[in-house]
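In what follows, structures are represented as structure tokens.
Both complexes below contain chain A, partnered by chain B and then by chain C.
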Partner chain A sequence: MAVTVAEMSQHDRAKSAAERAAIDASCRGPVLVFASSAVFWLLAGSMLALLASVKLHVPYLFTGSAELTFGRVRMAHLQAVGIGWASLASVAACLWLMCRLSRAELIYPKMLYLAGALWNIGVSLAVVGIILGDGQSVEWLDAPPYAPPFFVAALGIVSAWTVAVFRRRREPHLYVTQWYLLGAVFWFPWIYLVAQFMIFWSPAVGVVQPIVNWWFGHNVLGLWFTPVAVGTAYYLIPKIIGRPVHSYYLSIIGFWSLALFYSWAGMHHLIGGPIPAWLATASTVGSMMMFIPVIAVAINHHMTLLGHFHRLRYSPALRFTVFGAISYTLVSFQGSLMALKSVSETVHFTHYIVAHAHLGAYAFVTMIMFGLFYYMIPRLTGREWASSVLIRIHFWCAAVGITTYFVALSIGGWWQGRMMNNPDVPFANIVAYLLPHWLTRTLAGLMLTIGHVAFAISFVMNLAGWGKQRSGGPTFFVEPEKKT
Partner chain B sequence: MDRGIVIFLGALLTFSSSWLGLVVFPFRQLGQEQPYQKDEGDIPYPQPLQGLALAGMRVYQHNGCMYCHTQQVRSEKFGDWWDANGEHKTGADIKRSYGLRRTVSRDYIYDNPTMLGTMRTGPDLANIGVRNPSEPWHHTHLLNPRSANSWSIMPSFAFLYAREKIVGSRSDKALSLAREWTVDPGYRWRPSAKEWEAILARQGDSLVAQYTAGQPAAIDITTTEGKKRLLEFWLTTPEEEYQVVPKAEGEALVAYLLALRKAEFPLPEAKE
Partner chain C sequence: MTAVDIALFATVVGSIVLFGGAAALALGWAFRDGQFDNFDQGSKSIFGPDEPVGEPTDAFPGANL
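On to the complex of A and B.
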């Protein structure tokens, strides 16, 4: 922001700290409800993911069980991590960041407890329902018909509360994070309702369903997780290193071009399929234009960080967030290229797409959410993280795990696509070729899960009151050198 | 003007453009498609699924089959490779006999949900009813895919089948599979060394007689080698007292697979 802040007086500093403490106190209950259920679904989703992954190279594992057949576990995994972990973490981010940036307290928390309960009932019904055989086989929207009403009600409350906090703002200046959050809480209910309506409540004819499906599937990342995660990074990076964002204008360009172009992507998931060719072409154009917001955000974050990279050595929150921000640039560049027909011809229908999806949903969104949790939770509970070793385990398992995951499946998926495009290669050879890649993916998934367990232990310890009081300063990887 | 209103209107406008362009417009363009009828009196194509096949579609849907199998055939121009002579070619889907032609939107007008799929861990199934019309093959393959293709990683769908004691004569619907596939449905069964000894002690002589009836050379089951050879033979014979039959869901699923004939009927718009 191009705002120069005069050195605050001792009195103003104390006043501002008291205000922040009051805001955090008002958020404590509801935000911790969303955060802790997010962590629960992260663990559940990890277990389902591991099971699905192992089943691809050990097909006899639990093969007698209908409940644990691959297709059902695959659907349950996506609901647990997508509508469970990532969405619940995003809600926590929306509520807390909006309160902080609007300098407004959260009011009527009881309704948010209700929203948290409804959301968790919804995810439980979705996951259990799918396992028991009610999955819908609509990617991202596999939840059985009795689960979505719970999400819709919960989402309505959350969106209304985020906007209400914004309307009660005491801070006249609008920060870019607030734009992203407002966009997110407006877009997500819209795409969710349109998708539910056109696929389930009043089913559209034939291929209109997959068109709506991918309009939703792509926008749930592009207009829900992405704005929340990018907005969070816009908050955390300047906040932790203590300097304003590099360019106000770049952040404006980044926001509006994201709003315009990201929403047009998505149809390239159906490239070559039985849909009008112009649809895929329109999405290819939208995807290519995505270079604009991505480059704007990348420059802005990089320039803000410039000269402060040493802080990555000791701040856990910053390290997770910057890992996520870099992944955002990577996954978006890759996504734009993948929308090109010549690339898509090879990678469509392969595990390359799975690798790309995890680069987006994990290396980008999930890592930034981890960064947020490491920053936010101590401010809500008043306790610092008890163990820097656990945070260290979490970071390295996550970073090495997702990198291994991405590399193994990208290479495997690429050659899977090349072989599938050549009818002289028997299908058996493709399956045999993929086996070691799937095994590597399982090992990577195991690392991610170990990281999640470390994270969950840290989280529960913090809630249970282990760890020093926050007045002593945050828990670092290594203690920064004292300025003399 | 209030900044909040600016953001709201901007978010509304940008997003409405995509909603209109990618959802509403295709809905209007594709929503009215009718079945194809070349001449009056012809049976229109496609036809909605009915009865058993419709029930089978639900089994396919609820078990997430589409997460490994697509149902769409891409055009002859799509997908490229170089053949053994270094010649550049396109159209792998049709060359892999996934269909006789590409699939088009009209093929799906009665599908609900429309399970195009996005992943080919397994092969495309848009036209599986034409490509492999054998009902017994699909049953044996679903019970344990490794009984048909040793390299397969598809899950066994043994929960769609029941193993039961034969009462009277063997059912017409019973799967004609050897005992290694039927004793423990879904898995590949082998007796332990001890169990095999017990079986040999009980019925060794009759097994030897059975074996020698079809073989020129005699077998000596007092040797380890002989025991092993007899075991291999015995595992490939059907169980005498038990049979495996499809449950209602298994029959429905196969009926659905056989009804998948999306890329066969010639449609004028699917010429390329």
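On to the complex of A and C.
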């Protein structure tokens, strides 16, 4: 019996869809474990952040409690959102995207459940330990000494499994997202182990310690969160709109130039500090060279989307992801300029840095992770998001909240730096000047937290099976008009 | 030079060799494996018969888009 082209095509579609469904099913459990715990730590981190923020303009709040002092709460927030939310979400991204792009099922998922448990024990120990006073005064490595072994073990399993999936790939081509993910799972364990070794286990002497500290601190963003987030955007944007990346050549250039230059950039945090001048200068050069990968990514994302911007109105995943992708360009341009000594002498040690850090960690990384969750979770659970109202609340609270946060602290931080460099300005005047900026920061943080609560409710509803089955279309911000 | 200094020195040098070496190996493998031979085909590798080029996966069924 003759088989028509249409029947062949239908057969191919069904076969391909079945393969994709089997791949998603193989990684469903572990990915949902990492995603769920990420959402939990996002909420915990948001509460800690709010408390820290309020204490800046209400300094006598909870002064009777050593556990709730600003120093401890702020460090606990960083661990909860950095090693908790963003890292766990990144692991979920690594596993799901690597399985899909390799067209390979996840093997031995029980080991990843173990990794998820170890990671969460580590974050719990870090957050609770810091609050109880066991924190260590090293930025980004503030976790008490009993927490890192859990991260190291979990990270080892996650990295090994990501590579194992890649080794079992049926898709011969290594897509640009896979380059980024493989880079991330290789770089992060490496920088984490070296930093732990050189700062805690066998401490380097004197100025080498802060050098290692900021080499690590900067590379956590640049060689862990950035590759995962940029790689995710390189998958989601073309996939959602159904159009290949504008210039694949440019995307590969972007990856390799990030690999080459990013690890130089950390020393710009120590400009003006007691480190060798050539080290700070080399770092400034590395920061300037980062314009290459950033411009490559910016051109590619913009040109890929060209003609499809109207889809931002309907797709939550696309809107969050594009917000994050635009923020990547902004934060990277800003970061490169901040590495200039003339800029650094004003903004260093000010709230401008806090604004910049949140532009990177939230507006860029977190928004892309939200986009990923909106795309990935329905495909794993088989259910759409239950409420478009909650998604709208989430997006607008997140977008307006982080924009307000960034603007308030950038303006406040810039003038704070100008005043701090002027010996005629009394320090108390600078504190008084910053008060409204801190209040705005709290209001922005409150908006972000409301958004996170809406997101968490959506997430739990989806896991509980409250959304409609994924047989029809997805849940949009607004329902598109019907064809006439 | 103490044992600690030697260990730190070995860590730094070892890291540079490991990092640079891994990057060189990965790049060499990619060229040998033909990963950079056809960029047009590479960019389409995320699409398949069920989710082809030109078909949004956040589809808007019945929508006038």
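One rule holds in what follows: the second predicted complex is superposed on the first by the 472 of 484 C-alpha atoms of A that agree within 3 Å, B and C clash if a C-alpha of one lies under 4 Å from a C-alpha of the other, contacts with A are read in each partner's own complex, and residues count from 1 in each chain.
Throughout what follows, contacts are C-beta pairs under 8 Å (C-beta built on N, C-alpha and C of every residue); 3 or more make two chains touch, one makes a residue touch a chain.
Note that the structure is predicted; figures quoted are calculated from it, not measured.
Engineer: Clash or fit: chain B against chain C, after overlaying the two structures on chain A?
Structural biologist: Aligned on chain A, chain C clashes with chain B.
Engineer: Report for A:74: first if it touches chain B alone, second if chain C alone, otherwise both or neither.
Structural biologist: first
Engineer: Tell me which partner A:204 touches in the superposition: chain B (first), chain C (second), both or neither.
Structural biologist: both
Engineer: Is A:444 contacted by the first partner chain B, the second partner chain C, both or neither?
Structural biologist: A:444 contacts neither chain B nor chain C.
Engineer: With both complexes superposed on chain A, which partner does A:94 reach: first (chain B), second (chain C), both or neither?
Structural biologist: So A:94 meets neither chain B nor chain C here.
Engineer: Please work out whether A:194 is in contact with chain B alone, chain C alone, both, or neither, and reply first, second, both or neither.
Structural biologist: The answer is both, since A:194 touches chain B and chain C.
Engineer: First (chain B), second (chain C), both or neither: which does A:136 touch?
Structural biologist: After superposing on A, A:136 lies in contact with chain B but is clear of chain C.
Engineer: Looking only at contacts as defined up top, I'd like to know whether chain B or chain C touches more of chain A.
Structural biologist: Comparing chain B with chain C, the partner touching more chain A residues is B.
Engineer: After superposition on the shared chain, which partner residues are touched by A:317: those of chain B (first), chain C (second), both, or neither?
Structural biologist: A:317 sits against chain C, while chain B stays out of touch.
Engineer: Which of the two partners, first being chain B and second being chain C, lies in contact with A:243: first, second, both, or neither?
Structural biologist: Touch status of A:243: second partner only.
Engineer: Tell me the contact category for A:15 with respect to chain B and chain C: first, second, both or neither.
Structural biologist: second
Engineer: So which bits of chain A does chain B touch that chain C touches too?
Structural biologist: Looking at chain A, the two contact sets intersect at 174, 182, 186, 190, 194, 198, 204, 208, 256, 259-260, 263.
Engineer: Using the touch rule from the top, collect the residues of chain A that touch chain B in their complex.
Structural biologist: Touch list, chain A to chain B: 55-57, 59-60, 63-66, 69-72, 74-75, 133-139, 142, 166-167, 174, 179, 182-183, 186-187, 190, 194, 198-199, 203-212, 215, 219, 223, 256, 259-260, 263-264, 266-267, 269-270, 272-276, 279, 282-283, 286, 345, 348-351, 353-354, 418, 420-424, 427-428, 431-432, 434-435.
Engineer: Flag every residue of chain A that touches chain C in the complex, lowest number first.
Structural biologist: 9, 12-17, 20, 101, 171, 173-177, 182, 186, 190, 194, 197-198, 202, 204, 208, 235, 238-245, 247-249, 251-252, 256, 259-260, 263, 310-311, 314-315, 317-318, 375, 472-474, 476, 480-484
Engineer: Flag every residue of chain C that touches chain A in the complex, lowest number first.
Structural biologist: It is residues 4, 7-8, 11, 15, 18-19, 22-23, 26-27, 30, 33, 35-36, 39-65 of chain C that touch chain A.
Engineer: Residues of chain B touching chain A in their complex?
Structural biologist: For chain B paired with chain A, touching residues are 3-4, 7-8, 10-12, 14-15, 17-19, 21-23, 26-27, 29-31, 33, 60-68, 70, 72, 74-75, 78-84, 92, 95-96, 102-121, 123, 145-146, 149, 151-159, 185-187.
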